[in-house]
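You will see chain A twice below: alongside chain B first, and alongside chain C after that.
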Partner chain A sequence: MSVFMDLNLSFTAERSRLRSLIETAAHLGFSTVAINYVHEPTTKKKQEVPTPTPINELIDQLPIVQGRSRPIRVLNRLTVVMSESSYFRPADPAYRSFDLLAISPATEKLFHAACMSYDIDIICVPVTEKLPFTLKRAPVNGAVDRGVVFEVSYSAAIRDSTMRRYTIANANSLMESCKGKGVILSSAAEKALELRGPYDLTNLGLLFGLSDKDAKEAVSSTCRSVLLHAESRRTANGIIYTTKSCSDSSCQQEAPDSELCDAPAAKRLRPPPRVTDS
Partner chain B sequence: MVRLKARYLLCEINVSDRNHLLRLTDTSISAAVKTTVARIHGDYGRALCSIGFSVKYLNAHTGTVFLRFPKRCYKLLWSALPFITSIETHGQTIPCFLNCVHVGGTIRTCQKFLIRYNTQQLRRMLPKCKNEEEKQQIRKAILNCSLTQGNKEAYDDELESEEDEEE
Partner chain C sequence: MRRVDRKDESTVYQRVVLKNASPYHYMKVCLVLEDESTRLSAVEFKCFIISGLKSLFGEVGAALTFDLLKYDEDTLTALLRVCSRGLVKLWSSLTLLGSYQNQACAFRVLQVSPYLLALTGNSRELQLY
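Let's look at the complex of A and B:
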């Protein structure tokens, strides 16, 4: 049984909708989800980067994942829709409160820069329109070597038939350039009815041009490597990780803070899981 | 040895409102799958669906359905299932989605898996019980689960009553 993750759940202001989204994801078997805050800066007015609401405000009791004994893990993620390179400011302290950073580039130059040099985890492939530029092998392979993954989201395909064509076309052209490595599949779900189970997603990956093995990896191990990449990006050289300690502990399993350890993130000791049983 | 091989997909239908589940029928689900396959894979998919595809078992209380596909094209037809967004019965449209839980070669293996899956669901419901009597009922149902005694209907009813009480 591998770990399945869905790293793109759209943030809605309605608590009940978000809660039903998370509960459905736990019922389907996803052990980690990430709530996505989309930030679209324009030149007209300066917009503030949205701050994520802490998880314990959103939902008090995290549901247990189907088939496991741990509760579901909820992370925060920021997607910056970029049309100019000045919009992405990695030194901005507002970016620190997010666990995952993603970029949705609009031009070829930005795409190249995002693949090769920007300090991010995920690059979103556009699914709602025809690809504005061709995906060349050089930046795509450079991104895969660095650990940055490409994301294809599928809920637009479920909603509308023209979107379906764009999604499948863009996903297939991505697979041609990247040969199936470094891809994650995620929903950009706004309602609980737009989520799909992990085995259905594996099968959907076949439509997008992935092989059987790559499609399964796209939902499980590549997502996990994105999380580890994000964790090591937030630490200084992947060794020290400091966090403000809060008085009431949250349900999530956070990595131990302020510990100097020379083991990589995967091998660090985790606190023992809290088993909720009657 | 010549043998007609098939794949049986065990799917769970998720709806937002549990009362709508009871209205589902196997003809409506079969029609929904066929129209979706026609939408996604066109005439080729629809033709593949006409022979060999059927709905073998439907449990309206828990939303479990067995779909039978021929072995050589089950992956293609399976890839159209995530695009089902609603099912039409008796003139009503119920928004839902299908979640495939298991693929088996025979109905018997799917049934074995379904029993294990349902016991797991009962165990998940145990901490959510509100009073001791419900807990006793669930514990009795879990102990009763087995293939040979044919108790599947018994604990399916338990599931339905427990799920209604937990709302």
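Let's look at the complex of A and C:
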């Protein structure tokens, strides 16, 4: 049984709209969704990285996914729209409250840097405009080897016909460079009516140049590998991670296959942790 | 296309593989509109789908023949039949269709099958009492 995920639901301040988005996603069969907070820093004024609202404030009861018995899993994701390399600061503690990190590069140099060295999970391929740079095979393969995936979002194609052409053109040029590996399809939906079911997306992947197998993987197993990559990115060498031990942390617990240390040990003086072999 | 395989000498059996045996694919779709009280007639529904095909695939796409076998005006649910070769085109144009007369809409594809009999049962709506 494959688990379908939609890792890009736009955050809106309206609670009712977000609630209906999550309910529609659960009804369509997505087991996991991620609410996307877009951060667009400019040189003019200093902007704070948005903090994610906790899930239990957004929606009281998570709806059950259609076809399964578990409720839908909601994660938080940050997308940094970068036009200069100083905008992405990986040491910023605000980044730590997000489960997934994504970058939307605007220039070729940034794209190359994001593929090869930045500590992120997802690279967003622009779909609302003509590609400002060509996607060369070398950085794309480097990113795929590292575990970073490329994301194509489709809701712009639903809203406007010019965007439709750009989406299909950019997606096809991405597929030429990456041969169908390491791609995820997601909506950047703002309304519940812009979401489409997982099998509809599998069919849409054929239009974007993916094969049958790659199109289905783009909605299911590649998304799962992104989540695992994000989890291991937040650990130290993939072995230890710290979590705040608070009483209502049970809703955000992920099954750790590593040792668990309690914070506020970060403030406490303690001997350097022994790294055990996993 | 028939392929006959002989696996074992002692037990002789015949395996028949039929590829693309059914010339048509059947789809059960439901149109969800922003304003839930809007009603479309069968003709308007088919016209709407043809306009979607035309906007995505042009005149060649709009020439794709599909049939509206059953239409329920109250729930806006329809049973479509399309040639197997045209399934991807029709399905993707239904997916990317976003607005009907300036209101947002979405086509929810409920079932797709090469055999009409398979559309009678749906494990998603199965209710066990």
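Here, the second predicted complex is superposed on the first by the 251 of 278 C-alpha atoms of A that agree within 3 Å, B and C clash if a C-alpha of one lies under 4 Å from a C-alpha of the other, contacts with A are read in each partner's own complex, and residues count from 1 in each chain.
Operating definition for what follows: contacts are C-beta pairs under 8 Å (C-beta built on N, C-alpha and C of every residue); 3 or more make two chains touch, one makes a residue touch a chain.
Computed from a predicted model, the values in this text were never measured in an experiment.
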Overlay on chain A: chain C relative to chain B, clash or fit: clash
Contacts of A:203 with chain B and chain C, given as first, second, both or neither: both
Superposition-derived comparison: chain B or chain C, residues of chain A touched: B
Partner chain in contact with A:157 - chain B first, chain C second, else both or neither: both
Partner chain in contact with A:64 - chain B first, chain C second, else both or neither: first
First (chain B), second (chain C), both or neither touched by A:195: both
Touching partner for A:147 - first (chain B), second (chain C), both, neither: neither
Contact residues common to both interfaces of chain A (with chain B and with chain C): 28, 66-67, 154, 157-159, 161, 164, 193-197, 199-201, 203-204, 206-207
For the chain A and chain B complex, residues of the former touching the latter: 20, 24, 27-28, 64, 66-67, 154, 157-159, 161, 164, 192-197, 199-201, 203-204, 206-207, 276-278
For the chain A and chain C complex, residues of the former touching the latter: 28, 66-67, 154, 157-159, 161, 164, 191, 193-197, 199-201, 203-204, 206-207
Residues on chain B engaged by chain A in the complex (per definition of touch): 14, 16, 39-40, 75, 78-79, 81-83, 85, 95-101, 103, 120, 124, 126-127, 129, 135
Residues of chain C defined as touching chain A within the complex: 32, 34, 55-56, 88, 91-92, 94-98, 104-106, 108-109, 112, 123-124
